[in-house]
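In this document, chain identifiers A, B, C, D, E and F correspond to the written order of the chains, with residue numbering beginning at 1 in each.
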Amino acid sequence: MLSAKEIAELRAQLYSPVLSDVLDQLGYRNQALRPLVRPLDETSVIFGPVRTGMYMPVVFDPSEKHPYDVEIALIDDLRPGDVVVFGCNGPTDSIGPWGELLSTAAQQRGAAGCITDGLVRDVRQIRAMNFPVFCGGISPLDSWGRGKMMTRDTPIECAGARVSPGDFVFADIDGIVVIPATALKQTIDKALQKVNGENGVRDALRAGESLRSVFDRSGIL
Amino acid sequence: MLSAKEIAELRAQLYSPVLSDVLDQLGYRNQALRPLVRPLDETSVIFGPVRTGMYMPVVFDPSEKHPYDVEIALIDDLRPGDVVVFGCNGPTDSIGPWGELLSTAAQQRGAAGCITDGLVRDVRQIRAMNFPVFCGGISPLDSWGRGKMMTRDTPIECAGARVSPGDFVFADIDGIVVIPATALKQTIDKALQKVNGENGVRDALRAGESLRSVFDRSGIL
Amino acid sequence: MLSAKEIAELRAQLYSPVLSDVLDQLGYRNQALRPLVRPLDETSVIFGPVRTGMYMPVVFDPSEKHPYDVEIALIDDLRPGDVVVFGCNGPTDSIGPWGELLSTAAQQRGAAGCITDGLVRDVRQIRAMNFPVFCGGISPLDSWGRGKMMTRDTPIECAGARVSPGDFVFADIDGIVVIPATALKQTIDKALQKVNGENGVRDALRAGESLRSVFDRSGIL
Amino acid sequence: MLSAKEIAELRAQLYSPVLSDVLDQLGYRNQALRPLVRPLDETSVIFGPVRTGMYMPVVFDPSEKHPYDVEIALIDDLRPGDVVVFGCNGPTDSIGPWGELLSTAAQQRGAAGCITDGLVRDVRQIRAMNFPVFCGGISPLDSWGRGKMMTRDTPIECAGARVSPGDFVFADIDGIVVIPATALKQTIDKALQKVNGENGVRDALRAGESLRSVFDRSGIL
Amino acid sequence: MLSAKEIAELRAQLYSPVLSDVLDQLGYRNQALRPLVRPLDETSVIFGPVRTGMYMPVVFDPSEKHPYDVEIALIDDLRPGDVVVFGCNGPTDSIGPWGELLSTAAQQRGAAGCITDGLVRDVRQIRAMNFPVFCGGISPLDSWGRGKMMTRDTPIECAGARVSPGDFVFADIDGIVVIPATALKQTIDKALQKVNGENGVRDALRAGESLRSVFDRSGIL
Amino acid sequence: MLSAKEIAELRAQLYSPVLSDVLDQLGYRNQALRPLVRPLDETSVIFGPVRTGMYMPVVFDPSEKHPYDVEIALIDDLRPGDVVVFGCNGPTDSIGPWGELLSTAAQQRGAAGCITDGLVRDVRQIRAMNFPVFCGGISPLDSWGRGKMMTRDTPIECAGARVSPGDFVFADIDGIVVIPATALKQTIDKALQKVNGENGVRDALRAGESLRSVFDRSGIL
């Protein structure tokens, strides 16, 4: 298990493309969320263990008594460092599971950020709070009567990637990568090595070496 | 009818999510434009009565004599505070009804902004003018021989929402909400109340109260 | 043939909408890339002759020996001023042909920029290098086992427009326009004229003349 | 409440376009399912009260104990004449809630048919049973680990139309129309009248009268 | 100009793939409608001069007085042999411009059939009449308050192909091809020749000759 | 390796849903092609080893000398029982890799059928030949200048499923399932068992046993 300090250091050293390449090499080739999910603030970086929730589309039902029960329970149960990942079967035009009040509650509990293929609102306020959010779009719509969280802390799909309790996610300007629990240590070790290798390639290219020569020597592109 | 001063004050106090929630409560649940329409400048806020135009796709016809007649008539008829809303059945890859020259003419007549599910061009110049524009995308293409405005000041659909003469729109960073003419006063009154209620919820969450407890007490999420 | 100095001057004087309008007038009506291709940096402007590559989707094949041969050959063959145009049959969620290392190699050879309907990664680093890139989206994914360049320097389709060796492209905040080789001189001459005409229209509108009157006089909208 | 005999007679006399037109006149303008839902057998006609189920996409979870509980409870509770309507947020490539065994169980309980915007399998066997099924496509996939029914007998959306317990549906070769519970009697009465009016129009057109003249006289097109 | 007898003979001798190939050779490479348009009856074959109409999406407006004026004028003006081509910017889920009554009126005037990228209704009745219809889908919805014909006998786009007054269309089980007025004679002459060439290729392949050998000799595939 | 006689017997005993369920149980959960691929003749059943080809979109290039070389080589190399599987990254509106002449050549060599997510033409003639074809749509367009086969007998993706040399496919009215080479024997054995189990379930349901009881006893739905 990674300590909070280790997580903070890795968040500063790693980036999503190198993690994606390492996961490819290890045989995990479906770990990146589809590009529809983008950060509200392009300087945001998230790294941490996931807490999942899954939404389904619903229609407005005036007799509905508990529209928010599952998500309230999840938010109130967040631990420091947790990353909220909400699957909405996005892209969606109507399901918006996140906004300022949930950001406030999650930040108060020490959560590291929120990632969803659904929509968010209160963008200005969320940016002002510096709470990292990656989302599938922006909309003023409340989720009530449009989408409802049906399960929490179960395996879900978010933007085409499978996300399970125990997995870690790394999110930055280039996208979001899911690291399976069982491959976490190996992925991190190899990624730290690869970061160094790329520096050499970059220098050689800047020095005018041909791409053919650099690639044949390093295997990196 | 709202005065220009009242409109300016409400534009500063309200925001689109609270208006969307109030309209939901009043039973108007299809008032938000789909999230494909985004502001050219994320600090833009528009609030005002709509002036509608509807485009249809056309193919280039060299014998066409009057490609722009309906939109020219609409623009020349704009009154101070009017919000241009152009429906193009978006998303579209080819119909771009707006650009710098129309922005110049509209701004000169005191129009409050333009909202379209079609495309715009001259983005740099429009931003430099500080004329608020919300659109479905950016493209260098002229509308001639691609789309043509067929009607003005009639009920239209724009990005999935129905917009009719007499309606008001409120547009900000979180999206665009159509307020039906008949519900304008009631919507504004309730929205002003709700803005206050949310402040209390935010404070309670920051103070560490559980989401469960706050929601049970306030009904706000 | 245009000199590097002429290209630099034209890049400062022209913009994509005016080129698109001129090409429309000359009967070339399918020259703009679809709006899904956007600049990583909205201040980027590219103008120059194209170097094309075409990708096809592939599945991961561990026996593949030469995943990058065609693109390496193309990059190593770039001349100063060349504009890389990579067709990926976008929009795509998985084919990302461009990143920091290719940007480094291309910039070292004097290339003017890269345009693709595929995905890119290493966005922060590319922006820091000031290498102009227009793309269909952002993703951490490597192209290996997802897409492969099959041909280079052949006619391709990119974001719905046909691009052939010998063509020039002009790309700015409003989009990307392909100028056929045979129409280059004529297009530039007419575009320079049109830039002047639009200044007069803008001034007349600012002075309060009606759009009807201005359009009837100038034919410009 | 309609008797089984009345339902059988109305199923023979009415058809979906006339019901759609009458609902339009009564102000119910969103009652038709989107055209993606088509009959397995184009001679099928269904008319009856709905029994709803709503699916959400899930990922395969080996620890899942009760994948089918809600749908089993619904099927075992069907009454003679009931019409199963399953919403899957279609079009979908992976959620297939219906097949031969459910058809067998439903038919044994006297159900009138099944309508879904999801996928079905066992098409040959279902056709051989003469059990009417309208669906969004055909696929061999089981729903387990892909979609799961989360609620039954609640308001749902199916192919873009809202369907609530108590509503009736009419489905034939031209599509599927949802008749709200409160408008059932009025809709049927007006539809029976309109069927007669259309006969006169058809005869007049066959006799060579102009469409202009026929429409001005009858208001029917 | 082709006589009715010539048209009938050509309809029996030609088919859409051979016409498409000939148009490709002549440099007309965008003449086929997208595959979403399919015949209601797969044995239908249509060949004749087009009569065009273009629809745009509208929202229901109770004050609308003339929803059908343009299409009524077009139908009442049909000449024997005319082929109705209605563009609806398809695929569409809501615009259905054709049904039994228009089929009756068109058939009474001797029209050869109807082709649309919109929706049709009254499928059973239209099949019973043997009136050839090719469409983008089936729906019970009336066009009133959803789509409206804005122009007739002008150049339009239908399912991605440009169709202009004076053009001919050929439609059969393999699709629909638009033959420009100016290329009609040349296209027919070459198509009749190609039909013969394909017979020889088919015989050689059946006799076991390799595809390589047959193609090198004939240039036909 | 299966003999031709064994293949014929299995083709008569098995069906795609039972194979899909067995593959699910064995952990192969992405083996079904998306539902966009449908048979030209719903009574067609194909079972056999695959021969793959992969197309990429191209634009017309008059200087192209060898548009068909790879596919001609593949067809001329077909062995009795082979199933042609052509990936076109479908759905596609323009790439049609199959028609009557290829069907004739393939049938002459004893091929079992063709499956593609691209388009086909000459539907009437192919049906008359009784050559089984499953496709993503119908179009008169030739592939020349639109799509080109770039590789053969390599791993490909077809309608969302991965297909590799050595795999078997089973295609019938319910869809198409890819059976990995290494799981072939095990899949067939388990599928034959499951066919028997379903007969018992069907009988119990017809006898009026509740779905709850039948499922709890058999685990089959």
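Convention: contacts are C-beta pairs under 8 Å (C-beta built on N, C-alpha and C of every residue); 3 or more make two chains touch, one makes a residue touch a chain.
It should be emphasised that the depicted structure is a prediction, and the values quoted were computed from it without experimental measurement.
With respect to subunit A, maximal separation of chain centres occurs for E (centres as means of Cα atoms).
When the contact pairs of A-C are matched by residue number against B-E, A-D or E-F, more than half turn up again in E-F.
Centre-to-centre, using mean CA coordinates, subunit C is 36 Å away from subunit E. Subunit A and subunit B, compared by their mean Cα positions, are separated by 31 Å. Taking each chain's centre as the mean of its C-alpha atoms, subunit C lies 39 Å from subunit F. Residue positions of subunit E with contacts to 2 or more other chains are 60.
By the definition of touch given earlier, these chain pairs are in contact: A-B, A-C, A-D, B-C, B-E, C-F, D-E, D-F, E-F.
Put simply, subunit E touches subunit D in their complex at residues 60, 68, 72-73, 75-76, 93, 99-102, 104-105, 108, 119, 121-124, 137-142, 144-145.
Across the complex, subunit B meets subunit A through its residues 15-17, 19-21, 24, 29, 32, 34-36, 38, 42, 160, 173-177, 198, 201-202, 205-206, 208, 210-212, 214-215, 220-221. By the touch criterion given at the top, residues 54-61, 89, 150-151, 154-157, 162 of subunit F touch subunit C in their complex.
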